[in-house]
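The two complexes that follow have chain A in common; it is paired with chain B in the first and with chain C in the second.
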Partner chain A sequence: MISPRTIRNLKAEFRGSALAKLGLCIVVLVVAVAVLAPVLAPHDPTAQNLDRSQLPPVGFSTTTNSTSTEMVNGSLQVVNETTEINATLTYPLGTDSLGRDMLSRVIYGARTSLLVGLLGTGLAAVIGVTVGLVAGYYRGRVDDALMRSADVMLAFPSLVLAIALVGLWGRAAWSVPDPLVVLGITPEMPASFVLPGTVIVVVGLVNWVWFARVARGEALSVREESYIKAARSVGASDSFVIRKHVLPNSATPVLVLATIQIAAIILLESALSFLGFSGTTLSWGFDIAQGRDYLASSWWISTVPGVAIVITVIGINLVGDWLRDALDPGIGGEGGSGGA
Partner chain B sequence: MPEADRNADVGETAASGGATAAEPVLKVRDLSTRFFTEEGQVNAVESVSFDVHDGEVFGIVGESGSGKSVTALSIIDLVESPGRITAGEVWYRNADLAADMREEHPEAIDGEYVDTRRVPEGVRRSLRGPAFSMIFQDPMSSFNPSITVGEQLAEAVEVQQRARANPRSTRSRTQGYGLGRYLSDWMLPSRSFVSTESRDRAISLLDQVGIPDPADRADEYPNQFSGGMLQRAMVAQALAGEPDVLIADEPTTALDVTIQAQILGLLRDLQDEADMSVITITHDLGVIARMCDRVGVMYAGEIAERGTLGDVFDRPIHPYTEGLLGSIPDLDDPAPRLQPIEGNVPELLDAEMGNRCYFADRCPKAMDECVAEKPAEVGIEGSDEHRVRCVLADHEYDPARALSTTEREREASADD
Partner chain C sequence: MALGRFVLKRALQGIVVVWGVVTVVFGLRFITPGSPINVIAPLDASAETKRAIAQELGLDEPLYVQYADYVVGLLQGDMGYSYISNTQASSQVFARLPATLELAVVATIVAIAISIPLGVLSATRRNEPADYGATLFSLGGISTPNFWLGIMLVLVFAVQLEVFKTSGRGPGFGGALATLLTSGSVDGLLTWLSYITLPAITLGTYFTALVTRLTRSGMLDELGQSYIKAVRAKGLPETLVRYKHALRNTLIPVITVLGLQLGTLIGGAVITEAVFDWPGLGTLVINSITARDWPILQGSLVVIGVGFVLINLAVDTLYAYVNPQVVHE
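After this line comes the complex of A and B, so read on.
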């Protein structure tokens, strides 16, 4: 399916574009971090240490009014004291309000974001491409029925729809055993990893419309090609023609859309977990939400995962631009020169 | 089992061929195809009837827009919306199919013939390949650029094998192709799922149509083939189902002259070898003269004149046929100018098609009676096959009754 010419285009475009290189570096880095999270994380991301809460990142120090309760002679006393907190290399990006290591949390958050991004995009692509190819191939009433229902989906703001669906189905979370821990490489890390199931399904159901539209447009043009008629003239069935001829020739724009959708879905997942609809607590959006209460005193709790989101989304979008410029020369002409 | 079936088929054909040599393999009756466009109803094919005999080449010739290709697509049931076949019968001779269908669709059976217009859609599709198959005009765009030529041929072979396992069932396509395989093909579109046998058959098909190094060429993509080679591969794909009737829709239009000659020679050879019937559609009278046994000249969706090659080329009656023949340069007498037929093919809008000869507006021999009533198709003495839809078959051209120029213009403006 990937022709030598496509690979040549990809390479040529890659060599000429610094942004493509940057994007690919970021994506490779984020993927590596997500895969090797248990190895790279210096601490257990869920381990709390209240003695060392709200430590600033390396290079910063902060003065905080900390409130603690102490048992003094059998009675509970509230002690207010102003303390100077210095950063420590043990927690390079500081700690959150419960003393959990921010670096480890960001590293584990990459897993959630990428898995939701990939699986959600995969689900959206399977639904959307199927609907779109069928609509575009059969045209007429089938097309009208499918694409009008897609338009109905599009009429809902995606975040509102996602919240409604999460509310409907609950926050089903799947606990997936962590292979690196199971294999005994990093026994001190959490043994399982929580995959926010409902969120994946929801982002898939919210975003399939874009795939349906792109796939339909491609199918409409591919179906007019002579080779479709030639395949049908030797007795190929509709499903065979769609699978073997329409799908591969519609793949390029779908692929480009998919990369951009991964970034969009990562943002949507962050928004959902920020609002508390995710099934996991190891998520960038969740950390931003819990850091919101401490913005005045401990700005890094929200900022560190926020920066991680920004970098990841930018990286994925740069890779998407690279793919688009390389695979779709028609658009690449304007987009490429504008970007460079 | 498929082997045995095929042998039985061959025996059947041989037997019936001996007993009833004149029984055509395909009988098209009053086939009408309409296109329902925004400008109105277009009568692309208007009550076309013709027979195709075993092992003959039937030619359909006409200008662009005369309904040739739509006729072909109508036979094979590949007319796309907004087009629709509105009337007519396509009787295909196949004793096995007739026996299978007799119970369920008695109205579609007549002796050994099956009316493909009255059997279910799935049966019509199963006939594509083993019964009818088609070669298209532009070989370059008739191959999927993202799949190797060999794989596309192998696919055609597999489609046929799957169909042959249970030839007439509407569910035949899913035989031996379960859900698991469907899913894996869907998930992994790049996975080549052709078997070794079908690949070998694809290579032998390529060999059969004269492609050198067929095993190597099978692994190449269509863009690595030349136009002539691709047209050969296209022929190979059409042959995959061992069709009884091969429809060649302008098979040489996109090719240069030397390659044209090669392809025509190839078609002729294959037709002799496999004893199949060929319907050749072209606007090139040279192709007709080279290939065909019998010819139908199409104009405005109708067959204007038909007959054997000699009838039509040597003794044309219809002024349109004469006009087409007059448009060919003559090497013996290179006159400075050719004599084209003035004007264009009508747009075939239903509202503009009156009860008159459609060619009268352009006809050099148009007379008053031509616009009074649509001439019926009449046989010509001296040949069993020669039939013409023209008043000239009945009486000679009489300049006294010529349709005057002013009258013709009035007709034209009335149409607008």
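After this line comes the complex of A and C, so read on.
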């Protein structure tokens, strides 16, 4: 699976590439933020405070115009008041329309993005690799049938299919207790974290095809090797050969593809939440959507979570480039659908 | 003639895929909780009323009869009637198709026109400022959610600078062209541009970035090959070396990936339409899901699936033409 030579290649490529280092730093940072969200977030991300709504981020200030009618010297007059709203360090990235802290929301949003990205990719990889290995190992009719069904999947854009499935199946969500709150480290934070269950299942279901294609290619090339023939001739069963010999050989390209897929699924999740097809409201895509109505007055509500997505996805893509350059799995790179 | 046989074989495979698409689209209703009857019937409808509705829509028939009815209907261009407006689903779907096609075609043309020269420039000026700029742009482009890019464009160009339209399609390209031909006025075209510019950038950026990356890495591979040294040694001008030899071979993998990424283009169009209220298939799909308007949703998905298969057939043919090897595999 991971040979010493592979590790040497990874290290050599890493040393020579500033972008790989940058990518790994970003990924480590985002993972740390997601894991430690309750500790790092200055406020409860769901706590509303209408007195402090639409505060700008530090370094910016906005003005609001309010018109009121007042009695001045015995006659009614329309009074225009311009109030300057200054940023405060209590809310470094400002607040949204309900006075929720943007920084805390961005920190918690990292959890949603990473968990959906990892679990969705895991599910897609399990389905896709199984289908691909079986198709490539048995060839013939099994291969034809499985690969035609993969073609059918490809004919539906993953975003369109995902919208349809989440929209139709409902937005089921799992409530997971937050260990840091349960242990009493951050008792003031939300006690549980909402995981958008349907979204995870659906992104796995719509993205397995890419894994199937890669795993099939590997199985096709490996099955003709003499050690596979040797294993079969001593009576090893098909499932044993697939698990012990074919699967390990496809590990490297699957790993590279999985990295790219995590980025693609994070983009897909943000698109689904943006359109309102998600089970959680603590999501970068959701915040971008809610900020749309306040673009003219509070530009930061949509802007800030988008920057978080871009930085995260750039980090993962840089790690993906590093793995691809170091391991050269020959899948041509751009597998998987992104840009959602 | 080999090419003809190749295309025919691909077309037959395409028909199988289309059949699969239709089956999945039909099956979707049966793996979804909730009956379509509840969409149509009023909340307080009696059991008889519901039975009557089921009978009228054929929902009380056995599954295989419903399936056969649906397939036969589709073959005749009949997608059923909208549950909400009771108009023909096919007329609604095909009324929306041109807007989506217009957006996708404009975005693709702009993407190709920018990305291939940019990729070549990046590869031939490797490790120079132009290359760093192009690499940074393409990394950012493939990492940016397009709906967010769209909103940022709205923020800058519409809210702050007030130059472009942010909602709707305007006259469409056809309408703009008609104005130009009848009155000789370019105003129609300018209006068209003011509507389509932001959506097209939103949809096209990811592809521009993707193809720039592919072209750059492909060109770098090709320029290192020995045949390039040979043609250079023969004294061929560098422009010809780059564009006639290296670029031509680079385009082969670029075409493959573009074919595979077609779904992303259509998916991107759906969300771009949602951002800009573009009256295309995407907004139709989203509305029909929310309203559980099955005939519209199914019809839209079938059209998207068939469109994907057709364009892929075209891409495969183009691919076989550029790279005759695949025909003989």
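Before moving on, here are some points about what is shown:
Convention: the second predicted complex is superposed on the first by the 310 of 340 C-alpha atoms of A that agree within 3 Å, B and C clash if a C-alpha of one lies under 4 Å from a C-alpha of the other, contacts with A are read in each partner's own complex, and residues count from 1 in each chain.
Criterion: a residue touches a chain if its C-beta (ideal position, glycine included) is under 8 Å from a C-beta of that chain, and two chains touch if they have at least 3 such contacts.
Nothing here was measured: the structure is a model prediction, and the numbers come from that model.
With chain A as the common reference, the superposed partners chain B and chain C fit together side by side.
By the touch criterion stated above, A:9 is placed in contact with neither chain B nor chain C.
Of the two partner chains placed by superposition, only chain B is touched by A:140; chain C is not.
By the touch criterion defined above, A:248 lies against chain B but remains apart from chain C after alignment on the C-alpha atoms of chain A. More residues of chain A are touched by C (comparison of chain B with chain C). Using the contact criterion defined above for the overlaid structures, shared-chain residue A:288 touches chain C, although it does not reach chain B.
By the touch criterion defined above, A:236 lies against chain B but remains apart from chain C after alignment on the C-alpha atoms of chain A. Of the two partner chains placed by the overlay, neither chain B nor chain C lies in contact with A:121. Once you line the two complexes up on chain A, you'll see the smallest CA to CA distance from chain B to chain C is 11 Å. Common to the chain B-facing and chain C-facing surfaces of chain A is no residue whatsoever. Residues 13, 16-18, 20-21, 24, 28, 32-33, 139-140, 142-148, 151-152, 154-155, 159, 206-207, 210, 213-214, 217, 253, 256-257, 260-261, 263-268, 270-271, 274, 282, 285-286, 289-290, 292, 297, 301, 304-305, 308-309 of chain C are the ones that touch chain A when the two sit in their complex.
Considering their complex, residues 148-149, 151-152, 154-160, 163-164, 167-170, 263, 267, 270-271, 274-275, 285, 288, 291-292, 295-296, 299, 302-303, 306, 309-310, 313-314, 317-318, 332-334, 337-340 of chain A touch chain C.
Of all residues in chain A, those touching chain B in their complex are 1-3, 139-140, 225-227, 229-237, 239-240, 243-245, 247-249, 251. Only residues 76, 78, 81, 125-130, 132-134, 136-138, 141-147, 152, 155-156, 159-160, 163, 173, 182, 185-186, 189-190, 221, 234, 237-238, 240-241 of chain B touch chain A when the two sit together in their complex.
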